[in-house]
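Please find the structures below.
Next come two complexes, and both contain chain A; in the first it sits with chain B, in the second with chain C.
Right, the complex of A and B next:
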């Protein structure tokens, strides 16, 4: 739907966006860990209109046997959108898009987990999109990284997902649904905030080199903010216990 | 363990640890700086900086006593779930009985619980366990609960103080496996009390003065 022609004005005369945000402003984000009791680790994230649940199982012996790697763990992420997550009912089950996203998310997460500590095992990461509002893959990665940390899986760093894009000729951060549908480009990224490395970079639409650099720069800055939220979420989950006494 | 001088600071994966020392467990170095690889608690001990994870699975170590459940039978071995990423085979040569080929089911069958020792672990993660040692046996009756393996030291306490206290107050028999599986046997009231106390330890494992609070809980006796 990218680049669809429309009369909608996505940026008003004051330079504000359709939902009143500045070009470099994120949507409100809420995170929580430990929401699925039977999983080894879990997280729930609300990112603007997105509502996403992530659960981690494992490391456990990988089956079928031929998928095992003798020197490391494999990470199997499954990105799935609920049938009711979008306006028009989505046909349930994996489709072209979710298979691709599952693959790139698995790869992004593999780059931070110390997979070599668990040979022959699989770490299953389930990402369920309950409500979608653009930017689900980056919100999903963020939730998945929280769930992995909560599951006690050793990692080099937390992962932060963040998207930037171009709308009405302006480079903006964290596109919402209208901007995603009628804007010009969307650049989802997964960032390792400690080193500033990039674990995932995709681009849908066209950007010039300068615009892309600008968008990435913006996402990087926002990632630091989201990183702080991640740390706070993980730490307060345990600090809360202290206050209960 | 709890009285030792240390800072109960919670760190997240990839967080820099601003402490002097050699990298120990749960810590990695990059450009000479220490970073945590777990969501856990920082601890400094004899020159090493360690991070004790707050959750996670059990990684078998040679010599650990573990409680496992038989999940499968084979002619020459049993397959035991020890709550690790991998199942552990128990070979007929590693049990104190003389087992005929194919007769494994007569001694231990699926669902039985054993107290075993990890006899060997290799770099591929394969684990072997044994029952051929004093005190290792099949556990009959009782009740089993699971906790996070990283919290086992807190349940045992400094040189067994915590576990001894639980036993003294409730007259229960308790075995704590290094894999976080705990076997309890005793009167129903006692078992319920032990389970409540262990859940409390699990929840408050990262706080100070835990032994006193558990003692208080056991003395109150009404809950």
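Right, the complex of A and C next:
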């Protein structure tokens, strides 16, 4: 979305995408909870080429003390990319992008957790991007939501992240790396599927009103699909299907 | 303590008062829901800058200085100039701002303004090449918040746009040709909304911002395209609300654009 021109054809003559997907098709998604034994709750997600781990610590007493809120818990999400997660090594530690993403993810998660049940505490949510392939913030918030649920933290709903955008003039769901680099727009969202509320919404690029609403509807439809996967993942963990949690 | 946008405690009575007014279709300062506070613009305010604008949005005040210098292009865009944005929430502007490295609020602000300008291709970066692959113009957009009374997103966005529109590329100073006006393609304007109870108001002032449940900024261009959005705070929006906000932003943005570009053309000093 940097306005780079490219000769790469992102949509072929049959209307298929560079990785063979239809415009409204998600990449393959795999989820698992209970991957960090030390944490109160944790989750791992593979979403296309993304590999992301999330862990929750808390509610625990918030430090330093001045960050405490007397009537609620504060949620501190930290989105962090590993140095080796992208083609060109990323300097470790927070950059401006990750500071912004941590902020909007924290706010989105706060909207769904019953924070008023835990005054003066902090719920720390650590999101580690181990391998990045576009859509890391939405995959990350999906993993974070699973980790919160796995930690037994009371929530109004699960959160589902999903993005849509535009490549080669076509509105498409869930952009991959090439599409993100050379596409015309990206609309990352986080949705509470039960009520359809939107907890995270960002957009960059160049879209008409119709394209934008089209993209948002596509992401919200896909969110319902991902929601089912989330619920199934949590259920199977407690049934003990595939791990000992 | 981390800097907070809101002043924190608005008396419960004020909260109730704002909501009661909303029920009657008005606001604490008497505005309509889509009415933006008065905008005052002084371009050319800083003579040392290559472009500048002092913008007042109601009582909120932001000064933007644009400096333009030769620099190396990014390897993947050898034939394009570079733009960078920065916001400083200086402690002079509010009792809740503190000195130190940029807060997450300042970073978010700068990045949202940046996205609007970058994604709309507001600056014609392709015309900012001095020597392809070697030397290009780097446009530094520095936003200094001077008085915080709510809605810094729009104040900063308007100030950045008018300062850019005022800017001259100082080629003579660097002995690379004649000075020329910074080439602009588009004029993106952000419009920010706050959700208070079930009401959604444009350009929230400090009182409104401090009780808002959710915030949504939509940046649109003169072509009626949407170039950037950013949702903030702990509440949510329904899809229907978002669609309405986008439409409102398109029409409010158009009005603001006419107003500020008219003002920027008729420079007063």
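Everything below uses one rule, namely that the second predicted complex is superposed on the first by the 239 of 245 C-alpha atoms of A that agree within 3 Å, B and C clash if a C-alpha of one lies under 4 Å from a C-alpha of the other, contacts with A are read in each partner's own complex, and residues count from 1 in each chain.
FYI, a contact is a pair of C-beta atoms (placed from the backbone, for glycine too) under 8 Å apart; a residue touches a chain by one contact, two chains touch by 3 or more.
This is a predicted model, so every value here is computed, not measured.
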- Report clash or fit for the pair chain B and chain C bound to chain A in the combined superposed model. fit
- Partner chain(s) touched by A:67 [first = chain B, second = chain C, both, neither]: second
- Task: Figure out whether A:99 sits in contact with chain B (first) or chain C (second), or with both, or with neither.
- Result: second
- Query: Which partner does A:58 reach: the first (chain B), the second (chain C), both, or neither?
  - Reply: first
- Of the two partner chains, chain B (first) and chain C (second), which one does A:198 touch, if any: first, second, both, or neither? second
- Given the touch rule stated above, what does A:208 touch, chain B (first), chain C (second), both, or neither? second
- Centred on chain A, what angle do chain B and chain C make, from Cα centres, as a multiple of 10°? 120
- Message: Looking at chain B versus chain C in the superposed three-chain picture, what is their shortest Cα distance in Å?
- Response: 16
- Where on chain A do the contacts from chain B and from chain C line up? 192
- Query: Within the complex, which stretch of chain A touches chain B?
  - Reply: 40-41, 58-61, 70, 112, 114, 118-121, 149-158, 192-194, 230-231, 234-235, 238-239, 241-242, 244-245
- Task: Spell out the residues on chain C that touch chain A in their complex, using ranges where they run on.
- Result: 1-2, 76-77, 80, 104-105, 107-108, 110-111, 115, 118-121, 125, 214, 216, 224-239, 242-243, 246-247, 250
- Residue positions on chain B within touch of chain A in the complex are 10, 12-16, 26, 28, 35, 37-40, 53-57, 85-87, 123-125, 148, 150, 203-204, 206-207, 213
- Message: Applying the document's contact rule, which stretches of chain A touch chain C when the two form their complex?
- Response: 1-4, 66-67, 96-97, 99-100, 102-104, 107, 110-111, 185, 187, 192, 195-209, 212-213, 216-217, 220
